[in-house]
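Think of it as A, B, C and D in the order they're written, each chain with its own count starting at 1.
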């Protein structure tokens, strides 16, 4: 779960990390009032979960109220890489002489956290990592000890941070690590960490991703989750408790188990179709979950056909079939064609229950995917044809 | 630094460990009022730092106000193993069906903490350990991980604690460990941890020793330190920052370095004398510290003679000599004879400075000790003679 | 011979009295697994289908001489259960639990490295040696004894591939679901080296997915140390960067690390054919048997 | 040959810019110790008497090829300094600092056991190989080169005994103060086994004191593994139970563990004569040389 910039900065500031003065605004008037209060120049920053906001026009630096009004008006309501901007952060513009990068992430190969510091802040750190790996000092941290002060210093001095601010940067890195550990973060970074002419350091941006599996013990962050979800359908998936990712294609996909669902997506692509989503109903799903899953996929207006692929282990074919019947029997007309493939536990019982008037049944994964791709292409072609 | 029972119970209660209702009282009237408020029966417990208070008459169980008055009157002001009782804890008497022992201490051989649980609570646990070591379940704890819930359960079930209370006892043990770690304790125990007929558990006594070297980061506990010091002279030593232990003999001892001071004590004993104290002025002591040390030892009315033994490493003989001169030159008459032995760094310079009219100088440790013992015996004899 | 588990393994179940624990213990016993004990704090002295339950893993292991544990403990308590299993010095621990916080697993992993215990999972379907014993939640009926080892990060994808194998008459020596989390006890290499050492295993199917670098490491290992032929499958070719595809571990980073293509390339470079579909993987295996 | 330190040791000083650090660095250099670097966060680039200072131990060790560190960092920051030294994989770390909280040392000790570094101290006077090099605060002038190894939990008691030895014409191979804290890096056994292996050391003086069980373990070691004769001294015969005699480690528990008598008995049983006075210890050494 990724926090918005303003949320992450709130968490950082509460922990004592210096951040610029800022206020959240959801109307142009609010934005101008906030800018007036903070004092110019200010930055007006779209609060959406996409990378490269600046390049895409989601961040503007303004010098007076008039410019603030113009910028807020332009940014609020804009569509940024598919996401609607409904809030901006109005933030004090910081005069800086240097931009650093500091971050903490999980090194999954080592099974332990790694802290990173670089004097090449303010740019895409992934690019720095790819082109000049030496420019990033990395320090692995024993997750049980937690980051020791010497480790923070090692990373900071190792990265070549100026001695005048090294002590403060080390201390901020220590605080960030402690936050990372205490708040069940998976990734946390400040880029840039700005250095001012007076050797002050200040977090000009803030990224914080939280481990979704740990939200049960981070109730305040869990409350931020709905707000952070970028898309209406993704918000709905949160509500239903599905692992769901929305994509650009038109073949809706429902399955059980992450690997099998991914494989179904890949096969859709392999057979010339385009997946509309990833939707894992999880292990042991009951009829209601199946109904909810179909509801989700039908709600996606891009979807032209659905493939429902279940290999039962703890999930039972009869439960799945019941759920499909319940979902579809409520419609006068099935909104989009559904192809079903059932295998594994109680697949035979499921096949007996399944109302085959409402769905197309296929025996294998490959056949089911090909059929759904064909349906989607037909319908898309028909739509195009109709409008032509 | 050992907390008083009432202090330790306060710390435990703040952490969520159940303790009986209690109030501290320093007069008989206060004690009776506290007892009336808590409700009878209550225990009236002397708040002094000695073991075996109960056997020595420092704890009384009373059933009504009259008995409370009598007991408070008897205990307040009593002399318990050399310590004056000036406060009592008036505490709800708990009906129990079982007495357990739980404790956490540092296993110095392993360099890590060990938790202990026994169903043989309410008696001297050292005796249980000596006679029936199997009756105590021990669980070493990785100091970096901290005590894990399973470790607490392992100790509690391993000790044979009744399943009806095992969960609560495990949870209390976990809390005690966390306290031990967070409050820089060296030792912490509840003996007995009482089990009531309703399967409630309650800490009927509380012991908590704090690492003196960690008091700098435990400011609230450090404030309790003066109050916890048992003896006026020990309180004075705290103030001066000396390592000081008061003993029963009449030869005052001042030296630098724990091992050498202990050796000086042992030699006093070896040559037929009795040491009055252990006093380490530490490394690199300046003149003022030397003066304070002499003041401390002179203040002990049991002292008949003083041996001052310095082997200079970072401590300089000239500083020591200056301090001795300053301390003694203030007196019209030297209160007690002082024997000085100076060796090591700047010993020769010290000897030149030292006002040998005021002290007796000896070249070796053995000679200095023998001389001081002889002085003490003479003066003790003279006193005895005078009063005969 | 088989890897990790056989009919002689003495198995204890942590969380045996919970719904899932009881259900799958029955399934395991039915399959022939030698389940000798359960461990649930506070439930010591009870029995589940005649299997004695103990309050601690230590007592269960000691009294019933267990060497293997299967963990069905809910995620909030699972790390403690795993540490308890490590403390009891079992040979093998299989963690079925899904949804253990990453930082909990990071600490468990730290402890694991100080022990001689093999941990499989978490968030895995378990381990099965067909015809002998199964640990976990795998549906026993789709497996058949034979000569192909299988290792996978995913549960249902494993079933899919095993089903394809079995339908084509190709049996399995042992199948191992290593789990879909970012931090797992045993990675591909840990299983591949066991298959390589196992004389009964004539070929190996390895099912990877996006995220992390486990498949790339496996490719290096295969190229350097393995004679046994391996066929691969990688799920997640169509996954966009930055989105978690169900498994906590199945995520392509914003920087592009962990893509399916990088894994497929690495395996191909190591001489491992990678199927575009599960059926193609079985074709590759048929070719080498 | 000598144990732990000699004229070739490349020494860095943590806390070199502090008062104590600077003073004792000068003393060490004067004695002949090869001090090659200092490490103090934020002071990198400075020099102390021409010795270059670095911000981190890692940089100091790397740039100046140091293998040994002497730590003069104040107690509140000392554990961090020691962990930094361990992280830099030095061969030997000598911690002079007195007053490090026990729980800090417990965590350092935990890390120490995962490394190959030898830690002496904390709360110790240091290590000296007379005529070659000294690490720490020992007054060099009382030592003389010779054939007796000395190991002690106490600083000034060491000086006392060394003075007695030197005055009687008996020189030392190496003298080691292992420190007076309850948790120390290297115990008596760790030093005794080095003396036993050192061909130049013909006899050993071991100065123990009350508290803990180190002396008892040393007695077992001597009896089982040592041919080199050992003479002992135990301080604290007159210490009452429950009172800390200066050193945090010098305390007889309420239950009577850690008494001088138990240690003297254990040493006597191992064939080690224990002197009643320092002079008697020297008598014993004279007897065996």
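By definition in this document, contacts are C-beta pairs under 8 Å (C-beta built on N, C-alpha and C of every residue); 3 or more make two chains touch, one makes a residue touch a chain.
None of the values given here were measured: they were computed from a predicted structure.
Separation between the centroids of chain A and chain C, computed from CA atoms only, is 28 Å. Distance from the chain B centre to the chain C centre is 56 Å, each centre being the mean of its Cα atoms. Averaged Cα coordinates give chain C a centre that lies 50 Å from the centre of chain D. The set of chain D residues touching two or more other chains comprises 107, 111. Shown for chain A are the residues in touch with two or more other chains, namely 142, 144-145.
Taken chain by chain, the contacts fit none of the simple shapes, being neither an open path, a ring, a star, nor a full set of pairwise contacts. By the definition of touch given earlier, these chain pairs are in contact: A-B, A-C, A-D, B-C, B-D. The part of chain A that touches chain B in the complex is made up of residues 142, 144-145. Those residues of chain C whose C-beta lies close enough to touch chain B in the complex are 41-42, 44-45, 55-59, 77, 80-81, 83-84, 87, 107, 111.
Chain C contributes residues 75-76, 98-107, 109-111, 125, 137-139, 142, 152-160, 163, 180, 182-183, 207, 209-214, 217, 233, 235-240, 242-250, 253-256, 260, 276-279 to its touches with chain A in the complex.
Those residues of chain A that touch chain C in the shared complex are 51, 106, 108-109, 111-113, 126-127, 129-130, 142-144, 181, 184, 186, 211-214, 216-217, 243, 245, 247, 255-263, 265-270, 275, 278, 280, 283, 311-314, 343-345, 365-366.
Against chain D, the residues of chain A that register as touching in their complex are 145, 148-151, 153-154, 157-158, 163, 166-167, 170.
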